[in-house]
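Consider the two complexes below, in which chain A is the common component and chain B and chain C are the respective partners.
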Partner chain A sequence: MADDQVTLTIDDQTVSVPKGTKVVDAAKSVGIEIPVFCYHEKLGPLGCCRMCLVEVEKMPKLMTACTMDVGPDMVVKTTTPKVEKAQKGVLEFTLLNHPLDCPVCDKGGECPLQNNTFKYGPGDTRMDFHRAENLKAGPLSPVITLDRERCIACQRCTRYSEVIEQDNALVMHNRGFNNEVGTFNNEPYDTRFSGNVIDICPVGALTNSQFRFKARTWDLTNSDTLCAHCGCNCNMTLGVRTNKFMRIEARPNDLVDDGWICDKARWGYDFLESKNRLVEARTVPDNGTMVFSSPTTQDAAVRTAEAIKKIVDEHGPESVGFIGSPYGTNEELYLYQKLFRLGFGTNNIDHKTYADSPGLPIDHYDVSEIETADLVLVIASDPTEELPILDLRIKKVVTRHGVKLAVLNDQATLMDKYAHLSLRYNIGSDAGVFAALTAAISGEGMADIKTTGIKADQLKSLVEMLRASKKVTLIYNSSALTGQSVAVLKQLMAMIKNIPSIECGAIPAVPHTNAVGAMDMGILPDYYPGGVPVADGEAIQQTWGETAPTQPGLSAMEMIRKAESGELKALLVYRANPVVDFPGGKQVEEALKKLDLLVVHDMFETETAKLAHILLPSNGPGVDDGTTTNIGGRVQFRKGGLKTAHPPDWKIISLMANTVSEEGDGINYITSFSVTDEIAKNVPGYAEISKKSIKKEGMTRVSSASINATGAVSKESSPPKPEALKLRIANYLFAHNTILDATSTLAHHFKPSIVHMHASDAKKLKLKNEDDVVVVSGDTQVSAQVEISNRCNPGGVVLPNISDEQGVWGLANSRDSVTWVEIRKV
Partner chain B sequence: MIQATLSGIKNLTIGMFVTFKNMMTKPVTFQYPEVKRTMPERYRGRHFLNRDENGLEKCIGCSLCSINCPVGCIHVVAAENDPENRVSPGERYAEVYEINLLRCIYCGYCEEACPVDAVVLREHYELADYNRDTYIATKGDLLVYPEPNQFRVNILGNTERTNSK
Partner chain C sequence: MFAFSKEAEKKIEKILKKYPEGRKRSALLPLLTLVQRQERHVNPDAMREIGRRLDLSPAYVQSVCSFYTMYSNKPVGKYLILFCINISCQLNGCDELLAHTAKKLNIEIGGTTEDMKFTLHREECLAACSGGPMMRINDTFYENLTAEKIDQILGSLD
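Moving on to the complex of A and B:
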C-alpha cells in the first residue's frame, strides 16, 4: 500500500483512505454516518458544534470526528452508549433556544437539525423556561431572509464568506450567548455568491426570500439541470410545483462548479415566467408572401422554411443567412446549421461578432485542471463578472493550493487582488503583447513593447514565471480581444507548448453559456461541426453528402453589411439580439429593416423581434432538454423542468428541415437525445457523447486540433481626434436586459452607467468623479458618470455594459479594430 | 301429537312475547332522512378548518396534513402574512386549501398531523350530491366551523356555505 494511505477501523469496518482525511469523511466513504453541523467538506474543519463526537480507542475522552485526521490503526466507534449519550446531550443543548418552527420553516423536510434530532436526539426536552427571543425573519439582503432564533451558531455561513468567497462580508458578531450572524453596519449581504449560504446553513436561519413559504420542500418536483447563464454550466436543481417555477438550488458537481452556484443562477430565473416572453407565433403580412397573422408555431415554421427556400430558388443560397446564438443547446445549433447547410445550401452561418476559430494548438483543459496546475494565466478575462464560479475556483487554488496566478488584461479586475503578477496592457494592443511574449519565450529577445503599456521587466518576469512552472492553465476570453489577435494568442500557446518542461492547456473563457458548443456545432461561416474547415471538401462530403456547400460563408457582421446593401435577402436570427448586442446599434437595425424576410426565433420580445416578419417562440432553458458544452469542453445534459404544449426548438427546426427536404419525410427525432446521437455520429470529438455517458458528471468532448492560425499584428489605429480615447466594453454580471428585467429578483444589483477612466486622462479632459458625460462615437451617444478609477491604462476608457437600454454596443463600429470614443461633459 | 301442539303454542308465545315486548320499546333504527342520527363525538366525517378565539384562521399552511394524507387529496399553497392584515396568527397562512372529498378515505390522519389543530373531521356524514365539482372543498367551504349555525345541511346532506367570503 502506498505511504499516503492510512488504514483504520471504524465500527469494525476496515477503511483505507488517503492521509489527512478527516474521520467523518473516512466513515462516510464506507457508508457510516457521523452526524455533523459545523463541518462541511468544502470549508474544512472547525469543531465548534460537537455534534460529531466519537469514541477512539486509547483516547480518554470523546473526540470530534470532523477535526481529527485519520491515523494508522486507529479504532473508532460511533455507536457506543457513551457516544449516544453525548449526541443526545449536544442535541438537547443545541435545541435549548431553538424555536419549534418546523411547520412554518422553509428548511423543514431537508433540515440537518431535524434529521439529526430525529435520528440521534432525545425524544423530549427538559427546558421549562422561556426560550430566547431574537430577530425573526429579517432581511439579510433583498434575497435572503435571516431568522436569528433558528441559528445554531455553527458558523458555516460566515466561514463560507471567509474561506470560499474570501471577502468576510458575513461575520459572527459578539461572543457566547450573544453570538450572532451579521454584516458590518448591517449592510445587506449581497455578494455575487451569497445564495450558497442558504444551501449550507444546517437550519432554517438563512432562507431564500424568493422561495419563502411558496412550497414545502417535499412538494417540489426537482429536475437536475444546468444553469443557462454563463459558460460555467454549473449544475443546479430546478424545483417546480404544479408546473410553476419555485426555486433553484446548487447540485454539487466538483468537476464543474465545485459545489456552488452564483446568485445569478439562484435568482436569475424569473425570466421563465416573464411577461416579456413570446408565447405565440406571429407573422407580419407586409411583404406579399405572408398573409396570415396568428398561426400555430408549426404553421409558422413550415411557412418560414418555404419562404426561405423560395428566396434561395430566386436569388441563390448566398442570399440567405443564419445568425445563431451561443446560448442555444448543441442539439438546436446542430440542427440549424444542418438546415442551412444542407437544406438551403449556404454557409452564411455565424453566432458571434468577434474573431475566433475552433481548436487549440494545446490541450483544452477541463475546469478542474486548474487545481493541479501550478500557474494560472488569465488573459483578457474577467471571471468575476463573466464566469463567476470560475472566479471562486481560481481564488481557491491561489489561496489554498499555492497555485500562482498571473493576469494579463487591459482592465483592472477583482482577480488582480489575488494575482502574483498582474500586467495591464493598453486597450487594443493585445496582439502586440502576445507577439512580444511569443518572441520573448522563443528567445528572440525583447520586441518593441513601448506602445503596449507593459514594461520590459514586467514581461520578463511573466516569462520567468512561465518557464518556472510545470503545468500552466491559460484562461482567455477571445470575445474581449480586438481584431485577429486571438490568432496571435494561439501562436503564443503553441510557443509555450514548445518549452519541453511545460505541460500546458487552455480554457477558452467566452462568457456565453454554450460558446464552446456553438463553435463545435459549426455555427461558423468557415467551419463545419467539429472544427472541419470548409476547405476540406473531402471530409465534408463524406459526412454531409455531395451537396454540402464548401464555399466559406459570410460572418455575422458581413451578413449585416450585405443586408444593408441588399445582397442578403433573408435572415433567420435564433435567440440573438443583434440590434442591441452587435456593434453598430442603429445601423444594424437599419440593415435588418432592409431584409425581404427576417425570421426571429427567440424566447422574448427583443428589439430584433420587433422587426421580424415571422416570429417563432422558443421555450428555452428550464423547459427544453438539450446538451451544452462548458468552457472546459464538458458536455452535460440540461434537462427541462416546466412543461408546455409548445413544441421544443429541436422539433421546430426539424420540422423546417423536413419541409425543405427532398427525400420524403426526412428524419423524425423522438427526443432531444436522438439528435445527440446524430451529433455523436457526425461531429468529430463528440463520438463518445450519449445519454448514458454524460449522465452523472458530464463528459469532456475531444477538442479539435487547431488549424495553423495565422494572424499578424495589425498596425495600431491612430486616434481620429487627439482627445479621443480607446473604448473597452466590460461585462457586468447583473446587467439589466431581457433575462434580468425590471421585475427581476436581482434588480437591486442593477447599476448606473459608469465610465471608468485614468486620472491622467480625466485631468486632461478636466473631468472629476461623478461628472455626467456622454461617450460619443460617430453619431451614437451613451450617457454615463465618470469614475476615475485607473481601471485601464491612460488613453482608454472602460465602459461596463450594464443594461440593454444603455446601448454600449452602438458605440462600437466593428470588431476589426479598437473603437475610439470621445468623452463630452453635459 | 298433543305434546307437539302444546310445545308449538309455547314456542309461539315466547316468540310473540319478544315481538310484543319490542313493539313497546323505542326502535333502534331511524327514519332517515326525516330523523338524523347524532354521531359520536369522535366520528370522522366531513372536514372543517378551525378558527382561533380571535377569529383568525388557525391553519398555518404547513402542508403536514397534505403530506400525511395517504391518498394525497389535500392541496395547500401557503403565503406570508401581512402583519397589518393577518389571516392567521403566525408568519404564514394557507392561501389555498382544498380537499378532494371524493378521494378522501376519512382516515383522520390529517387531523392527527396538524400541529395547530386547524383541520378537524367532524360528525357531518351527509355528503351525497349530483355534482362532482362540489366535492372539492375549498377554504371557504371548510372555514364555516366552529359556529354550527353558520352552515346548514341541504336536503342531500351537503353543507352549504353561508358565510362565503
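Moving on to the complex of A and C:
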C-alpha cells in the first residue's frame, strides 16, 4: 500500500483513503452517512455546528468527524447510543430558535435540517421560552431572500464568501450569541457568484427570490443540463413545473465548474419567456416571390431551402453564404455546415469576425488542468467578465494550491490582484509582445519592445517564471487579440513546448458558449469539421463525397462586404446578430439590406431579424437537446427541459437538407443523438463521443493539430489624428442585450456606458471623472462617461460592452487592425 | 465623509510598520481604536476607509468591529463608563451601584447624557476582580466603589 493511503475502520467497515481525508468524507466513500451542517467539502472543515460527532476508540470524548483527519488503525463508530444521544442534543439546540414553518418554506423537501431532524433528531423539544424573533424574509439582494429566524449560523455562506469568492462581502456580524449573517451596512449582497449561497445553505435561510413560493421542490421535473451563457458550460439542474421554468441550481461537476455556477447561469434564463422571443415563422413578400404570410416553420424551412437553391442555380454556389453562431450546439452547427457544403456546394461558412484557426501546437488542456499546473498564464482574457467560473478556479489554485499566476493583458482585470506577475501591453501591440516573448525564450535576445509598453525586465521576469515551471497552463482569448496575432501566439506556444523541462497546454478562452465546438464543427470558410483544411481534398472527398467544395469560402466579414457589392445574393444567419455584434454597425445593416434573400434563424427579434425576408424561430437552450464543447474541449450533453410542439433546430435544418437533397428523403435523424453519432463518424477527434460516453461528466474530444500558422507582426498603425486613442472593447458579464433584457431578474447589474481612460490622456484632453463624452470613430458615436481608472496604458481607452443599445462594435471597422477613436466632450 | 486626523495619520504610519509585508490586516484593531477615539464611534465611512487601507472588505471590518464592545456604532459621550457586572463585582453589589450611577446621570443603562458628557454601559469582566465592584471610565479603572465614591468621581470629571 502506498504511503499516502490510510486504513481505518468505520462502523466495522475497513476504509482506505488518502492521507489528510476527513473522517466524514472517508465514511461517505463507503456509504456511511455522518450528518453535517457547517461542513462542505469545497469549504473545508470548521466544526462549529457539532452535528458530526462520532465516537473514536481511545479518545475520551466524542469527536467532530468533519475536522478530524483519518489516522492509521483508527476505529470510528457513528451509531452508538452515546453518538445518538449527542446528535439528539445537538439538534435540539440547533432547533431552539428555528421556526416551525417548514410547510411554507422553499427549502422543504430538500432541507438538510429537516432531513437530519427526521433521521437523528429528538421528536420533541424542551424549549418553553419565547423563540428569538428576528428578520423574517427580507431581501439580502434583489435575487436572494434572507430569513434570519431560520438561520442556524453554520457559516457556510460567509465562508463561501471568504474562501471561494474571496471578497468577504457576506460576514457574520455581532459574533457570539447574537451573531447574524449580513453585509456591510446592509448593502445588497449582489456579487457575480452570490447565488451559490442558496445551494449550500443547509436550511431555508437563504432562498431564491425568483423561485419563492412558486412550487414545492418535489413537484419539479428536473433536467440535468448545461448553462448556455459562456464557454465554461457549467452543469446545472433546470427545474420545471407544468412546463414552466421554475429555477436553476448548480449540479457539481468538478471537471467543469468545481461545483459552482455564476449568477448569470442561475438568473439569466428569463429569456425563455421573453417578450422578444420569435415564436412563429414569418416571410416578408419580396418581389412577389414570397406570398404566404403566416407559414409554419416547416413551410418556411422548405421555402428557405428552395429559394437558396434557386439562387445557387442562377448565380453559382459562391453567391450564397452562412453565418452561424458560437452559441449553437454541435449538432445544429454540424448540420448547417453540411447543408451549405453538400446541399449548396459552398464554403461561405463562418461564425466569427476575429482571426483564429482550429488546432493548437500544444495540448488542449481540460479546465481541471489548471489545478495541476504550477504556472497559469492568462493572456488577453478577463475570466471574471467572460468565463466567470474560471475566475473562481484560478483564485482557488493561486490562493490555496500555491499555483503561480502570470497575466499578460492590455487591460486591468480582477485577476491582477491575484497575479504574481501582471504585465500590461499597449492596446493593439499583442503580436509584438508575443514575438518578443518568443525571441526571448529562444535566446535570440531582446526584440524591440518599445512600442509594446512592456519593459525589458518585466519580459525577462516572465521568461524566468516560465522557465522555472514544470507545467504551464496557458489561458488565452483569441477574440480579444488584434489582427492575425493569434498566429504569433501559437508560434509562442510552440516555442514554450520546445523547452524540454516544461509540460505545456492551452485553454482557448473565447467567451462564447460553444466557440470551441463551432471551430470543431467546421463553421469556418477554410476548414471542414475536425480542423481539416479545405486544401486537403483527398480527406474531404473520402468523408464528404466527390461533390464537396474544396475552394476556400468567404469569411463572415467578407460575406458582408460581398453583400454590399452585390456579389453575395443570399445569406442565412443562424443565431447571430451581425448588425450589433459585427464591426461596422450601420454599414453591416446597409449591406444586409442589399441581399436578395436574408434568412434569419434565431430565438429573438434581433436587429438583424428585422431585416430578414424569412424568419425561422429557434427553440434554443432550455428546450432543444444537443451537445456543446467547452473551453477545455469537454463535450457534454445539454438537455432541454421545457417541451414545445415547435420542431427543434436540428429537425428544421435536416428538413432543409432533405428538401435540396438529390437522393429524395435524405437522412432522417430520430433524436439529437442521431446527429451526435454522425458527428462521431465524420468529425476527427469526436470518434469517442456518444450518448453513453458523455453521460456522466462529459468527455474531452481529441484536439486537432495546428496547421503551421504564419502570422507576422504587422506594422503599428499610426493615429489618424494626434489626439486619437486606441480602442479596446471589453466584455461585461451582465450586459443588457436580448439575453438579459429590460425585464431580466439581473437588471440591477446593468451598468451605464463608461469609457476608461489613463490619467495622462485625460489630462491632455482636459477631461475629468464623470465628464459626459462621445467616443467617435468615423460617423459612429457612442456616448459614455469618463472614468480615469488607468485600466489600460496611455494612448488607449477601454470601453466595456454594456448593452446592445450602446453599439460599441459600430466604432470598429474590422478586426484586422486596431480601431482609433476620439473622445469628445459634450 | 470620514478622514483621519493628522495625529492619527502619524500613528497609523507607525502602526503599519509593526507588521510584516502582506500582514497589514493585523492593524485592523489598532486602526478601529484610533477611529473610536477620534470620532467616539466607528461609522460606515470609517470602516470603508480602514478596509481600503488594509485591503479588507468593509463587511469584514464591520464584522470585527461589531464583536468588540469597545467600538460603538453611535457616538458615545466624552466619558465612556464601562460598569463591570461580572460575578465578583456582582457579589459585591454592583447592581445597586450601577442603578445608582444611572439615576445620578439621569439616563438608561446603555444611554448617553444629553450634553454628550457621559455614556453608561454594562460590561463583562474587566479583569480587576480583586477590586470589585469596579468601573472603567475611558482608560482609567476605578475600584472598590461605593455610591459616595462614584458621586465624587463623576463630580471630578469635567
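Throughout what follows, the second predicted complex is superposed on the first by the 826 of 826 C-alpha atoms of A that agree within 3 Å, B and C clash if a C-alpha of one lies under 4 Å from a C-alpha of the other, contacts with A are read in each partner's own complex, and residues count from 1 in each chain.
One rule holds in what follows: contacts are C-beta pairs under 8 Å (C-beta built on N, C-alpha and C of every residue); 3 or more make two chains touch, one makes a residue touch a chain.
Bear in mind the structure is a predicted one, so any value in this text is a computation, not a measurement.
By the document's definition of touching, neither partner reaches A:765: not chain B, not chain C.
Of the two partner chains, chain C is the only one touched by A:176; chain B is not. In the superposed model, A:137 lies in contact with chain B only, and not with chain C. In the superposed pair of complexes, A:219 makes contact with chain B only, with no contact to chain C.
When the two structures are aligned on the shared chain, A:103 is found in touch with chain B, with no touch to chain C. Common to the chain B and chain C contact sets on chain A is no residue at all. Across the complex, chain A meets chain B through its residues 103-104, 108, 136-137, 212-216, 218-219.
The touching residues of chain A, when paired with chain C in their complex, are 167-176, 182-185.
Listed in rising order, the residues of chain B touching chain A in the complex are 60-64, 66-67, 77-80, 90-92, 115-116. On the chain C side of its complex with chain A, the touching residues are 44, 47-48, 56-63, 66-67.
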